[in-house]
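By written order: A, B, C and D. Residues from 1 in each chain.
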Amino acid sequence: MARVVVDVMLKPEILDPQGQAVQRALPRLGFTGISDVRQGKRFELDVEGPVDDAVLARVREMAETFLANTVIEDFTVRVEDGTPAGDARNGAPA
Amino acid sequence: MTTRIGVVTFPGSLDDTDALRAVRVAGGEPVALWHRETSLRQVDAVVLPGGFSYGDYLRCGAIARFSPVMETVVEQARAGLPVLGICNGFQVLCESHLLPGALTRNDHLHFVCRDQRLAVANAGTAWTRDYTEGQEITVPLKNGEGGYVADERTLDMLEAEGRVVLRYLGGNPNGSRRDIAGITNEAGNVVGLMPHPEHAVETLTGPTTDGLGFFTSALKTLVDAR
Amino acid sequence: MTLDTVKHATDTPQTAQPWAELGLKEDEYARIREILGRRPTGAELAMYSVMWSEHCSYKSSKVHLKQFGEKAPESDALLVGIGENAGVVDVGQGYAVTFKVESHNHPSYIEPYQGAATGIGGIVRDILAMGARPVAVMDPLRFGAADHPDTRRVLPGVVAGIGGYGNCLGLPNIGGEVVFDSCYQGNPLVNALCVGVMKHEDIHLAQASGTGNKVILYGARTGGDGIGGVSVLASETFDADDSAGASANRPAVQVGDPFQEKLLIECTLEIFREHLVAGIQDLGGAGLSCATSELASAGSGGMRVELDTVPLRDATLSPEEILMSESQERMCAVVEPGNVARFLEICEKWDVTATVIGEVTEGDRLEIFWHGEQIVDVPPRSVAHEGPTYHRPYARPDWQDALQADDAARLPRPATGDELRAQVLTLVGSPNQAAKSWITDQYDRYVLGNTVLAQPEDGGMIRVDEESNLGVAVATDGNGRYAKLDPYTGAQLALAESYRNVAATGATPLAVTDCLNFGSPEDPGAMWQFAEACRGLADACQVLGTPVTGGNVSLYNQTGDTAIHPTPVVGVLGVIDDVTRRTPMAFSQAGQLLYLLGDTGDELGGSAWSQAVHDHLGGLPPAVDLERERLLAQILVSASRDGMIDAAHDLSDGGFVQALAESCLRGGNGARIVVPDDLDPFVFLFSESAGRALVAVPRSEELRFTDMCGARGLPATRVGVVDGDAIDVQGQFSLPLAELRAAHEATLPGLFA
Amino acid sequence: MARVVVDVMLKPEILDPQGQAVQRALPRLGFTGISDVRQGKRFELDVEGPVDDAVLARVREMAETFLANTVIEDFTVRVEDGTPAGDARNGAPA
C-alpha cells in the first residue's frame, strides 16, 4: 500500500484568516521570529497497488476537481517519501 | 450578600451576554470579565461562554486558552472555584487540560442548531445539584465541533467515577463518544457542556426553562460554602 | 513603470488608456475627460470605472427606482430614507431600527462558500455603519433545480457560508427563503438581509465634514482580493466560463474573516457609545474608491488621502489596486482630531488595526497622494453621485401574451379523495414546499437571546427591549413565477405576502426593503420586467403605507440569452409593543377552532400545485387586493393584541393545505376540516388566492373574534377544529401526521445530506 | 527566509469524519482504488534567519503545545525541502 499526499494551501494572494490568527497568537505564547504563517490542508490517500504515473495523474485530477478549490487554493501532489510527484503547485497538466 | 458569577468575554465570544442574563435571571450578580485581565474581580464562580473565541481558528478554544484571564481561571479552578464551560467554554476547558479529552468536528460535518433532549447523569456537581439524577431536560445545542472524544481508558474512567454530567437523548447529534454532552473534573467544581443552558432560561426566547438549574445550582453551592 | 501622477496625465494627453477593459463605454470615458479637463490618471480611471459600474452607480435602474421616493407614502416612522447605507425606522420608545437586503449572487456562483459568507459580512457592515447594533440576519435564496448536480455544489456551499459567517458573528438567523427553479441554474440568487437596533440619537451618516477632521481606515489590512470584483463579477463583463481566467492575475473572489468582523462590530459600537465619530462608511463594493468618494461627496468639504499609509497585506499592490481592493471587514471613519487618540485606543483594545489615512480639507476636491505625489484630483460628487444615467429601452416581451394565455385552468385536476390525498403528499414533499430544516438547522437562531420567533415561522421576531418587551418582526418574500407571469402584479404579491407574514406574527408592518434580481438591462424584455416590478412595488407601498427605505439591484442574472425569472424580493419590517403577545404558527391546542380569513377564488396560475404536479408555468398570478391585505393585517394584529387567536399562518404558495400541514406538523396536532359549502374541494385546498390567513381561535374567544371580523367586513369561514393526529378532510381523505411529516421532511436531506 | 512545515494529523485511532467524507465521495466522482483518506492540517511557518537546531526545537515545542492538540493529534516538523527535521511523529523531545 502506498501513500500519496495532497497538500492544499490558499493561494498566496488570498486572505488566510486562520494562519493570521495563529501568527498573531505566537508572540503572546513566547514564540518570536516567525514572520508569516499560512494554514492549509493535508490529505493522506492510501492507494491500492503501485503508484505509477497513471495513478498520480488520477490523484492530480482528484485534487484539481475535488480536494482543492482552485478558485482560491493551490495544491501539490507527492508520494509519501517526500519526492514531489513531478509537478509544481497546481500547474501541471494531468 | 449576593453571589457574584463572572462571565469571561474573549474576542469572539458570542453568548456572553446570554450567560450574564442567565445569572441575573437565576438571582445572582453577573460580572463581566475581560480576557486581557488576570483579575477575576472577586467573583465566586466563573462561566466561560459559548461563541467562536479567536474565530475558532486553529482549533476551538486553542488560542483563548493562552489568554491572561485563563491563567487565573486555571489556578483558581484547581483550588476549587466553580467553573462552567459552555460549548466554546467547554472547548477552552479541554484545551486548558482542566477537563480530559477533546471536542472534534461533528461527524456529519455540519453546524447543528436544535433543541436537544438530554439526561442529567450526575446531579452532584457544583453546577447540577438542582437537578435529579436521570432527569430529562431540553435545551438548545448549537455547534460545529461538538463531538467529544477521549481514549478508551479516559472514557472508562469518566464513567466509573460518575464524571459524565450530561448525555444526549433521542439521537447523538455530533458523534460524541458514548453520547457524552458534558463532563466534570474529579472535584466536581469544573463542568463543561456542549449544550447551552443559558438559552433555556425564559420561555419567550428558549424552548424551555430547563437550563436555569445550572445557574441556580451554582448559587446554592456558593451559599452553602459560606 | 512610472507613477501616473496628475501632472504626468496632464502632460501626456495622448496616452492610450484601457477604459474598455475596465468596463467603461466610449462616451463615459469622454465624459470623465470632460469632467477633469484632461485624461484621468490610472488611479482616477480605476475609481471612475468601478464607481460608474452598474453595481455601484445604478445607471440602468435609477430612473425606475426614483418612484420609491416620489410615490412614498406619508410615514412618521421614517427617520432616514433611501440614499444612505440603509433606511432607519422609528419603532417607538426612543428606538430606531435599520434593515436592508442586498444581493451577492454572482460571487456565490463562482465560490459558493465565500461568496455567501462575504454577502452576510457586507450587509452587516452596512447596518453597523448606520450606528446600529446588528441583531439578526435573514437569507432569501434561489437555486437551480433541486436535483441538478450543480445545485449539490452550490447549495451546501452557500448554506455553509451563510452559517459559517453569521454563526461566527453571533447573529441569529431568523428567516429567509429557499426556492428551486431551473431558471436559476447558472444564476443562483443569494440575498442577505440584516436588521440593526439603535437609539434615535445614535444614527450615524456617511459624510465627511469639518475641515481638519481625520479620516481613519480600520479593520482588516488591504489585500489583493476582490480587485475588479465589482466590475468583473457584478457587471456585464461577467461570464461564467471566464471565471478561471479572471482569477489568473488577481483573484476576483474575496475571502471573509468573520472573527475580524465580530471585532469590528464590538469596536465600532464602543466608538459610537463614546461619540467619537463625525461620519462613517463601511467598505464594500469598490472599496476605498467608494468610501472616500462617497464620504467626501456627501460632506461639506473635500478630502485628502495619503494612500501609501494604508496598511497592506500584500506590499506589491499598486495604488490603483489599493483603491479598488474589496478586502472585507474594513470601515472608514471621520474623526475630530481631539478624538483620534481615544478612537485608536479602543481599536487597540479590540485588536483592530486602525490608521489615519487622510483628512477633511477645505474646498471640494478629493485628492489622493502616493508617496507625496498626487495621483487623484477629482470632484467627489462626479465619482460617487453623478455617474451616468441610462434610459434603457424597454418593451413587453412578445412571448408574454402566449404565456398568460396558457392558463393553469386547463391542467387536469384531481377528481377523487384519493387523488387529492396523493397530490397533497406530492405538494408538501416537493422541494419548494418541503421542510427547510436541513438548511436552517445549520444556522444559530438562539444567539443574543432575543429571538422570539425564527424560521419556519411566518416572520422572524426579535425582542428589542427586555424591560418593555418592545420588538420587531421581519419577513422576506418573492415569487419569481408570479413575476414572470406578470411583473407588476408579481412585485405587489411579493410585498403583500411579506406584509401579511409580518402581520401574522402580530406585528404592525411599517417599512420595506427590496432586492430586485433581474436579467440584463440591455435586453428590452428584462428591462420591461424591471420597470413593471418597480412600478408595481412603488404603487403598492403607497397603498399599504409602507415606504421603501432602501435596497439593492442585481442585474445581468442571465446565462446567454436566458434570464432568471424576474425576482423582486421584498422585506417588510413590523413593530410589536409586547412580544409576549406574538402569534406563532403552531396548532398546539386540541379543540381550538380553525378559521379561514379572506376569499378563495379559483386561482392556480403560477401555483405551487401547477409546478409540483404538472411542472407548468402559465396563466395569470392571483389577483392583488391591497385594501384587503391591509384589513387582514389589522385584524391579525388586533386579534393577537387582544388574545383572540392562539396561532396564525399566512396562506401563500401551496394554498390552504400547505399552511394547514405546516401548522399541524409544528404543533404536533392534527385537524378535522370541512370543505366550505361554496367551494370545490380542490380549489379550497390548492388555490393561492392572496389576502388570506388561517387562524386557531380558542372556543372562549370565538364570538368576540367573529364579531370583530364581521364588524370590519373581513370574511371569516369556520373550516374545522384542531384535533387528533391526522389531517382529516371530511368526505375526502385522511392523512396521518406521521405520513405527512415523512413526506415533508425527507426531501431536502434526501437531496443534500 | 526559510520555511518550516508542521503537519498535524488526527491520531489513527481517532475518527476522522472529514477524511471519511472525502473517501465516501470519491467513487461517486469516478475515483476508485483509494482505500483510506485522512485529512489533517499543514502549517507553513516563515522563519526569520537560519533554521538551526535551536529554531527547530522551538517550532517543535510550538507544535506540541499549540499547533497540535496531542490528546487527539500527531505532528511532524520539517524544513521545507522535505527532509524531516530529525523526528518521527510527535515523539522527539525538544
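Quick note on the criterion: contacts are C-beta pairs under 8 Å (C-beta built on N, C-alpha and C of every residue); 3 or more make two chains touch, one makes a residue touch a chain.
Computed from a prediction, not measured in an experiment: that's the story for all the values here.
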Pair of chains joined by more contacts [C-beta pairs], A-C or A-B: A-C
Rounded Å distance, subunit A centre to subunit C centre (Cα mean): 37
Gap in Å, rounded to a whole number, between the CA centres of subunit D and subunit A: 11
Averaged-CA centre spacing for the pair subunit D and subunit B, given as whole angstrom: 30
Subunit A: positions in contact with at least two other chains: 17, 21-22, 25, 29, 39
Residues of subunit C whose C-beta touches two or more other chains: 257, 259-260, 351
Residues of subunit B whose C-beta touches two or more other chains: 54-55, 57-58, 66, 108
Contacting chain pairs - touch in the sense defined above: A-B, A-C, A-D, B-C, B-D
Complex contact set, residues of subunit B against subunit D: 58-59, 62, 66, 94-95, 100-102, 104-109, 147, 149-151, 175
Footprint of subunit B on subunit C - complex, ascending: 160, 163-164, 167-170, 257-260, 262-263, 350-351, 441-452, 463, 466, 579-580, 753
List of subunit B residues in touch with subunit A within their complex: 54-55, 57-58, 63, 66
Residue numbers on subunit A that touch subunit D, as the complex places them: 1, 7-9, 19, 22, 25-26, 29, 31, 33-49, 55, 58, 61-62, 65-67, 82-84
Residues of subunit A touching subunit C in the complex: 10-11, 13-17, 20-21, 24, 69-72
